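Some structures are shown below for you to check.
Note that chain A is present in both complexes that follow, paired respectively with chain B and with chain C.
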Partner chain A sequence: MTEIFGVPIQALFGQLMLGLVNGSFYAVLSLGLAVIFGMLNIINFSHGALYMTGAMLTWIGLEYLGIGYWWMLVLAPICVGIIGIAIERLMLQWLYKLDHLYGLLLTFGLALMIEGLFRDLYGVAGQPYSIPEELSGAFNLGFMFLPKYRAWIIVASLSVCLATWYVIEKTRLGAYLRAATENPKLTQAFGINVPLMVMLTYGFGVGLAGFAGVLAAPATQIGPLMGSNLIIVVFAVVVIGGMGSILGSVVTGLGLGIIEGMTKVFWPEASATVVFMIMAVVLMIRPAGLFGREK
Partner chain B sequence: MSATEFLRVSDLHAFYGESHVLHGMDFTVRRGECISLLGRNGAGRTTTLRAILGLTGRRTGSIMLNGREVIDLPSHRIAQLGVGYCPEERGIYASLSCEENLLLPPQVGSGGMSLDELYEIFPNLKERRNSQGTRLSGGEQQMLAMARILRTGAKLLLLDEVSEGLAPVIVQKLGEIIRMLKQRDYTIILVEQNFRFAAPLADRMFIVEHGQVMEEIAQHEISEKQHLLQEYLGV
Partner chain C sequence: MNRRVTVAYLFGLGLLLLAPMFIYPILVMKVLCFALFACAFNLLLGYTGLLSFGHAAFLGTAGYVTGHALKVWELPTLLGLLVGTGAAALLGWVIGSLAIRRQGIYFAMVTLALAQMVFFFFLQAPFTGGEDGLQGVPRGTLFGLDLADDINLYYLVVAIFAGSFWLIQRAIHSPFGQILKAIRENEPRAISLGYDVAKYKLLAFVLSAGLAGLAGATKTLVFKFATLTDAHWHTSGEVVLMTLLGGMGTVFGPLVGATVIVTLQNELADKVGSLVTVIMGAIFVICVLAFRRGIVGESLALYKRVIGQKPL
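For the complex of A and B:
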């Protein structure tokens, strides 16, 4: 058997693949956080809970309504987006003039409430969800087996990230978004309905979390706490990449996923903390994050 | 209200938080007219423009735009009624290229200039169309801030200190452009420190102090009211 630094090549590529899968989730989630922070100046602590909501809805859809994976891949993000829009209209919009801390506290409180709700309804035990038929099985790449569903997670996540980046950087709508992020008052004085854009941005940002939740449903145990476990690492990713940078959050998410995977191979004890060690180092060298601009 | 009146500001008070900045501004602008708000720094001229667009804090009084009360409308609705704003700080976006800056403000009326037409008037902007907005020189940024609102079909232009800090040759160019806009029947409010720039362009001038209009001077009265200008502006 081929070995690299004493590690079997299958194990190495297996962890690399797992790292990429985790990195894909980090990328989609931190992208949503970055878009929301850029436009609303709100650190969205309910992101993890809404990611969990996306996964729960996927499970509920199949369990109670008989709606399958592919439909839920579209419906769950829309539902989560609508929940987000309701949150923005009813609560968040009153906090924009206040310190960051208030938005953080509100969204953190909401996260606890959403988690509590699902815990009350379905308990903490994870619910299983089977991989859709089209994506079960694996590709034999010769040197390793690549489960089709893992490949799908990576492809779907990166496509969504790329599409988001394209819309924001290359289209008219994106120019409105960038302008409203940079100078909301002046942008509104040009006749652009900025409050509407802010509302839709929040809906879209949490919709991304919902989408990640659907992708995660067949790959993990679906439970009320799946979001809070993941979101801590995602916040570290956002801090490393820099708040408000679109491309930065995607690249950082993927990169850290891979680093985490590789650490599992070469230094398993550190794998849970490596992201935070990197965060500490980055904060010392570049306080605004790798891709962030100092304000 | 006379048929030709385009903007009537009456008893306009405006606040930034607790500070009361405008203390009952009163003036009118007729369709196709160019007026200038003159006064010292802090007199409330910029705030007047910002208040018309709903960019200050609380406001009271009345702002009639084309026969319609707009004081309770949000900024974007006021702009959509045909108002173009060129702010004092120019407001060029760093996250947008020169051309994206130019194309940003949406159409708010008919008869705006085309991109080609604007590039003809402002050839520098064409050369620098792909540069980042804030990499342009001060003069180019000012041109961009002007050009940007000429594309939209806005009929009322609020121009805040467009001549400030620019080389004389660029100031002269801006003067020519404003003269051309007057010929094309734009209604213009010029906020100016530079009396010599505003005097030949403005049909009427309003001297603003302490957030109020103190004097109105028509173009033909400039020489006879020289003492007022001296008193208020030191020119």
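For the complex of A and C:
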């Protein structure tokens, strides 16, 4: 059996895959945060809770309504997006004129409420969700077995990121969006409904979180606490990458996922904290983040 | 402190000295620990305009260090408190120097992430007892008085709180405090006036972390154990909530906020179970949407509207 630095190559590639899977989640979640931040100038603390909501909805859909994975892959993000739009219309829109920190505090309170509600309804124990038939099993790549579902998570996440990038950078709607980010007043003066775009942006951003939640459902234990620990890591990812560019968030997310996976092989004790350590180093060398611009 | 604040302070102190005759002292001590924690936090949020989302790290660190110092090293009580406070201040210096490199929302995210790192460290470190926590910390004695007696300990806790509260007031009303307020109001202007803003921010951060640590160290002494809960991000959120609810940037706000939240949690814990989190979240949302000046801030504004003059 081939070994690299005394680690069997299968284990190494296995962890690399897991790292890529985690990195895909980081990428989709930090992308959502970046899209929301660009338009609303707030950090959405409830992002993790809404990711968890996406996963819980997937489970609820199958458990109580008999709706399968593929339908929920479409329905759950839409539901989460609608919840997001309700949050934006009912609460967030009153805070735009205030210090941006209030947006963070409000969404933190919402995260507590969502998390507490699911905990009260379903307890803290994780719910199992089986991998859909089409994606169970594994590819034999010769040097390793690649579980199909893991490959699917990576492909699906990256496709969504790519589609988001395309819409924002290459379409007319994206051009309006970028204009509204740059100068909302002027854009509105040209007859574009900026408040509507802000609303849809928030809905879309949290919809991405819901989508990541559905992807995560068969891969992890679905529980009320699955979002909150993840979101803190994603915050660190966002600090490392800076929220300036879409591709930046995707690259940073994937890269940190891989680094985290490799740390699990070579220094398991540090795997939970390695992203935070990298954040500390980046803050020392390049405070604005790898892809951020110094203001 | 001006005259009215001094009167209110002395009146409150008098109430605290008499309180154990009417209320269970452990509950009052818990309130005081969290009130000190919130006052320390308010120094940063209310007077310097820095939102730290990682203050639990300092509460937790001091709790563990003091617990370890008293239990394993068998240090005298006061020295144990001091070691814990010092450790928190040191950690505050490290986290603070990193966090002040970013502003606003990023500052909050950096402190949260670094505090989470501290949390994972305590989760894995051998001396903290992991999920079980550090149990059976002895309270020791002070000037020959046995602190195992709740009443003796109570007066020590009151002294610690009153002293720290006074210290915070002194800091706020000193030239140092005025510069902090200048940074809060207009950072570029403070820089253009020649102040080394980074240095002042860091000093405020270390002071706040140290006092939060003192709260954590005292808390360990009161409950005779230190747990992971103290270092968890939920606790960081709680202290934000206490300050917000009481009124950030007000003298007595954090004290009021801590009293309300701790009492509420105490009352609700066995009645609604895990819905407590939902209620805390709802209070957060209501405060942010409709009640941004907090209980004390809104009361002062109301007083001003009705009487037509500034009360304090």
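By definition in this document, the second predicted complex is superposed on the first by the 294 of 295 C-alpha atoms of A that agree within 3 Å, B and C clash if a C-alpha of one lies under 4 Å from a C-alpha of the other, contacts with A are read in each partner's own complex, and residues count from 1 in each chain.
Definition applied: a contact is a pair of C-beta atoms (placed from the backbone, for glycine too) under 8 Å apart; a residue touches a chain by one contact, two chains touch by 3 or more.
Values in this document were obtained by computation on a predicted structure and should not be read as measured data.
Trainee: Based on the superposed arrangement, let me know which partner A:134 touches: chain B (first), chain C (second), both, or neither?
Mentor: neither
Trainee: Given the superposition on chain A, which partner contacts more residues in chain A: chain B or chain C?
Mentor: C
Trainee: Looking at the overlay, does A:175 come into contact with chain B only (first), chain C only (second), both, or neither?
Mentor: first
Trainee: Touching A:188 in the superposition: chain B (first), chain C (second), both, neither?
Mentor: Touch partner of A:188: chain B, not chain C.
Trainee: Let me test your reading of the model: by the given contact rule, A:102 touches which partner, first (chain B), second (chain C), both or neither?
Mentor: Once the two structures are laid over each other on A, A:102 reaches chain C alone.
Trainee: Per the definitions at the top, what is the overlap between the chain A residues touching chain B and those touching chain C?
Mentor: No residue of chain A touches both chain B and chain C.
Trainee: Applying the document's contact rule, which stretches of chain C touch chain A when the two form their complex?
Mentor: Contacts found on chain C: 51, 98-99, 101-102, 104-106, 108-110, 112-114, 116-117, 120-121, 123-124, 233, 237, 240-241, 244, 273-285, 287-289, 292.
Trainee: What part of chain A is in contact with chain C in the complex they form?
Mentor: Chain A residues touching chain C: 37, 42-43, 91, 94-95, 98, 100-102, 104-106, 108-117, 119-120, 228, 232-233, 235-236, 238-239, 269, 272-273, 275-277, 279-280, 283-284, 287.
Trainee: Quick check on the complex: what are the chain B residues that touch chain A?
Mentor: 53-55, 74-76, 78-80, 85, 87, 91, 93-96, 100, 103-106, 108, 149, 152
Trainee: For the complex, which residues does chain A have touching chain B?
Mentor: Residue positions touching the partner: 172, 175-176, 178-179, 181-183, 185-195.
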